[in-house]
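Okay, got some structures for you below.
In the two complexes that follow, subunit A is the common piece, with subunit B as its partner first and subunit C second.
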Partner chain A sequence: MDLLLVILVDGLIYGAWLFIVSVGLTLVFGVLGILNLAHGSLYAMGAYMTASAVGLYFGAGGDAVPLGSYAVMILAAAVVALLVTPVLERGLLRHFYHRDEVIGVLVTYGVFLILEDVIKLIWGVEPLFVYEPYDLLGLVEWGPLFYVAYDFLVIGAAIVVGLAVWAFLNKTRRGKVVLAVIHDREMSQTMGVNVDRVFMLAFGAGVFLAALGGALTAPMISVSPGIGVNVIIVAFAVIIIGGLGSIEGAAIGAVLVGIARAASVHLMPEIELFIIYFVMAVVLVFRPEGLFVKTQTRKI
Partner chain B sequence: MKILANTPLAAGLALAGLIALAFVLPDWALFLLTIALAKGLVSLGIITQMRAGLVSFGQGLFFGLGAYVAGLMAHFTGVTDIFLLTVLAVLVTGIVGVVFGPLLSNYRGIFFAMLSLSLSMILYGTLSKMTSLGGTDGLNVAAPTFVGYEPEARALSLSLYLYTVVIVVIAGTAMRIFFDSQQGMISLAIRSNELRVEYLGASVRRAHTQNYIISAILGGMGGVITALAIGHVDPESSIFWTISGEFVFVAILAGYLSIPSVFAASIILELVRSFSNLYFPNTWQLALGIFLLIVILTLPNGLGSLVDRRRA
Partner chain C sequence: MTFRLGLLAKTLASSALALGIAGAAQAESFKVGIVTFLSGGAAESFGVPAWNGGKLLVEKLNKGEMPAPYDQVGFGGLTIEPVVIDEAGGATKQVQEFRNLVQRENVDAVLGYVSSGDCLAVPPVAEELKAFLILYDCGTPRVFEEASYNYVFRTAAHAAMDNISLAKYMTSRGINVGSFAGVNQDYAWGQDSWADFVASMGHLQPSAEQKTALFPKIFAGQYGTEISAVMREKPDVLHSSLWGGDLQAFMLQATARGLHKRMQVALAAGDHVIPQLGQKMPDGIILGARGMNGLAAKAKGGPLIDALWDEYEAAYGTFPVQAPFRMWQGLLGLKSAVEKAMAANGGKKPSAEELAAAMKGLTWEAPSGTITMALGGGHQAIQPNAIGTTKWDEAAGKMTLVDIEYYGAECVNPPDGVKAVEWIKAGFPGAKC
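Let's turn to the complex of A and B:
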């Protein structure tokens, strides 16, 4: 029984993290129709930016207000989004919106290759550490177990992010415009929607969420080259399970994959990597378009 | 270009030219060509599917299976005969292709790409965790023998190169003949409109399955030769998704119109990789990425469209 609880809690923590790193990916696909292979690199940039910024913050006497480092982390993610979005979306991706989805994958594969090296050029190849935000909240005792409180902060962040995205899309005028563009791009253009701006906004939000995922992860790991490569693969699994472009789907997919992985870690550690793709393959066999996407009729 | 349109003649010329190169080129170039041609086989498999409008992002599955056939046989049974290993790799990848082919033939576009990717990552995950099969460190592969002939040093790289050349020319010729056959032409029709193909009475699923199995076998052959040439296999360098990405890169660079251009593209990639590795070791991916973006922007149909203007 204890084991079940442990699996559930670990699964939720991992699932929350997964949701944050994959929700941006599914949002970008939903709006722009581009499956962004460089998402993992943007995540890595967020992590690096956080490592540098939080390092600077504590170096400049941030010890007085240690909780301020959380604001610095969010700020770091925003800086990444502001720097990268104009270059990537305006400069490159907009030339490919009318092309095949697979071309989008390839273009972003090229961007992935470029960003991996750009990251190494900017931050070097030595690992960076920012443990301060991770230790800040102390431990939480739960029955016989101790959890790092930061892990629950990640769950909180995932809930906030999920609700914010949902509320933006469904409750605000601007969000409804985004939904209209997802539904029918040409029609919304004729109705006077500035589609270019919606695309840039959505891509920017996607970059910010990827970088935020990296920012939240940076204190938990050693920030080193290659951290983005694996992220992209699990994030893909999550959003494919949920259905490409579906926010609810990403949430369900993240929890599903999180719990499956936690279960395998505790019960059969050998299949830890295997299980994620296995869940995805099984879902796709029964629901070829993912859990939350309605099957569409073929157009001739 | 009239001469090159004649398939047997072109194959003969390619064979003669590639064999002649063996006696001029230094060792490192021979090795590079062997690897490039072997990996070109994998991309040829992607081209086979691309003609029908599908792009597999998980060809590392078959490349890795082929490579691990060489690794595991050498490790557990001591079999190093290259002919036997190639046949085994073809069998293994062929069987896996027959199993997954019909399943994947239901998927299109991004879903096909991602599902094939997930299959390759399942193999990656499994092999990384199986310490009895080398885990993430992988396995060493013994030098190949050629029906009792056990060459060493220069003779070894020469034999391996010649073997690769023969395989590549045979595979290339066979694929040209297949592409121009009735069944092969259906792929191009599917690419432009799959529903019409169904209405005309041909099976789209069958064509996709067939292409998938062919690409599986080509991937396996490429894998076994690469593993023997490098002398080592591990999950990271033979199955991981970035490897599959490179195969797609070559396929896109080449385009689906010409077969020699696939191998040319593969050689270009290996050259760019080795030279940038040599001169700017930290930014070779950057060079590769920029190169890829330029190709996609300027040559939407690939290198092959420069030679073959029929459909470009």
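Let's turn to the complex of A and C:
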């Protein structure tokens, strides 16, 4: 019983992190129809910006109010979104909305390569550390195990992010406009919706969520070049399981992958790497479009 | 008088010849292709510090500022001219880059490769091109255990000694290991390290029970589940050969959860993350540096350490960890081979064949101790090793190593012709400890 609970907790912690790093990817695909391969670089930029900003915060006397570093982390993600969105979306991606999806993949792959070098130009190749926020909340003791309370903060952040995105899309007028654009871009435009603006807002939200993933991860890792590469792989697995463009799907996919991985590490460590793709393969056998995407009729 | 004039003429002629040779030698350079990671996951831990150290040594050698026996300028009077290439991009790219170095850049030798994959892919091409190649860093024992080459040499010991030494250290320090677990990356380095450690423990502490062996993906970054799994199993010792950002992330996450207070953590190659982690690397961690490198070498001291340590610290703001030591021993080995070959060929720049003949079975002094090309028919080095325990020096404000134990090269490396894993399984026959 203890083992099952440990698997559940470990799975939820990992799943929460997975959800945060993948929800922005699925949102951008859902609205813009672009599979953003640069998502991992945006995650890395969030981590780097957080490392710099929180470092500055503590350097400027933030020790007096250490919890303020959490606000700085969110602010750092917002700054990344504000800086990157106009350049990428207005400057580049909008020229490819009406092109084939493969073109979008190639363009964002190019952006990924450029951003990886931009990160090195700005922050260098030396690793950055910002572990203060990780230790702030102390430990949670549970039987033979100790968890860092920060891990549960990540679960809380994932729940807040998931609910906020869901509530925005389903309970606000602007959200319903976004849903209308997702459902039928041309019809929405005909009805007077400023589709370009919706695209920019959605992409900005996607960038913010990617950067927030990086910001929340920065305190527990060494922030160094290349950290975004692996993230994009697992994020893709999660949103393919959940269904491309589905927020609920990303949540369920992340929890499924998290728990499956935790179970394999505890019970059968030799299949740890395989298990994520096994879950993905099983879901695709029964639901080729992913868990939460309804089969759609195709316009001719 | 005629005799005297003749003697004078001969003296002048020979002096002019000697001056001419010296002038030519000074003008002539020895071009070395240096291949190491300047970008990617292994850059910050290995590639960049290695070339930082290499650059410093090349500058000092070209100025003749190193102590004897390395006080001759450059390589035997030839100015060292490095051509530096980024190792990132995978083995296929590196094979092409190697061809470019040899055929377009016309380098006289190549010294490079951190990745074991590259170390397995490039040597056959060096043989084909008859190009002199030194592998300076990679750890896989397979290079010379599964093939033999004429033009290829490795100036660093392979990885088996790291884990043999760890097991010996725990035994000699009286750490009674009832059980042990492992967290190692899921590729050749991690798998081989774990296998060598398990085999060594099987001989040195046969009653120790092997518990969970976890192999997270390289560059995974998230180790929460692995830490839970290890803490649930409660082994006495946790073995890990993680490196770079993975080791930094693992230590940050594990120490926050108090893993190091519940079991002895033993890191096969952990010294290189000390500068980055600082006090986040807790006291009491047993670690090696893939040779008598870094803090263990500094504790041992010597003229070569004195010549390089302080200048490295002043130039780069941190102490030299294992990677620059391997670069130094590679470059000093190459210098020794070039000068030995020049002594044999009358002072000309040596050909690849002459270099290979000089390098075979060579012994030379390095900041990391005496290096001997003892394995692989004289192509693979063995070197001394050291293991120590971390202790933060509050007064100096820096991490130190205490309880350091030094192991002779022939104590922790197999004899020539014997595969490392078979040697361990046979109980280290012939080990000179």
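Heads up, the rule we're going with is that the second predicted complex is superposed on the first by the 294 of 300 C-alpha atoms of A that agree within 3 Å, B and C clash if a C-alpha of one lies under 4 Å from a C-alpha of the other, contacts with A are read in each partner's own complex, and residues count from 1 in each chain.
Everything that follows uses one rule, which is that a residue touches a chain if its C-beta (ideal position, glycine included) is under 8 Å from a C-beta of that chain, and two chains touch if they have at least 3 such contacts.
Computed from a predicted model, the values in this text were never measured in an experiment.
Following the overlay on subunit A, a clash is recorded for the pair subunit B and subunit C. By the document's definition of touching, of the two partners only subunit C reaches A:144; subunit B does not. Within the superposed three-chain model, A:114 lies in touch with subunit B and out of touch with subunit C [touch as defined at top]. By the touch criterion defined above, A:251 reaches neither subunit B nor subunit C. Of the two partner chains, neither subunit B nor subunit C is touched by A:198. Of the two partner chains placed by superposition, A:12 touches none, neither subunit B nor subunit C.
By the touch criterion defined above, A:54 lies against neither subunit B nor subunit C after alignment on the C-alpha atoms of chain A. Contacts of A:216 after superposition: neither subunit B nor subunit C is touched. Contacts of A:272 after superposition: both subunit B and subunit C are touched. With both structures placed on the common chain, the touch criterion links A:229 to subunit B and to subunit C. Of 57-65, 147-155, 183-191 or 363-371, the subunit C stretch that intrudes into subunit B once chain A is superposed is 183-191 (criterion: clashing C-alpha atoms).
Put simply, subunit A uses residues 120, 125, 229, 269-270, 272-273 to touch subunit B in one complex and subunit C in the other. The touching residues of subunit A, when paired with subunit C in their complex, are 3, 6, 9-11, 13-14, 17, 120, 125-127, 129, 131, 134-135, 139, 144-148, 151, 217, 220-222, 224-227, 229-230, 261-262, 265-266, 269-270, 272-273. Taken in their complex, subunit C has these residues touching subunit A: 39-41, 43-44, 48, 186, 212-217, 219-222, 224-226, 228-229, 231-232, 234, 244-245, 248-249, 252-253, 256-258, 276-277, 280.
Of all the residues in subunit B, the ones that touch subunit A in their complex are 55, 57, 103, 106-107, 109-111, 113-115, 117-119, 121-122, 124-126, 128-130, 193, 195-196, 241-242, 245, 248-249, 252, 282-286, 288-290, 292-293, 296-297.
Note for the complex: subunit A touches subunit B at residues 35, 37, 92, 95, 100-103, 105-107, 109-114, 116-118, 120-121, 125, 229, 233, 236-237, 240, 244, 269-274, 276-278, 280-281, 284-285, 288-289, 298, 300.
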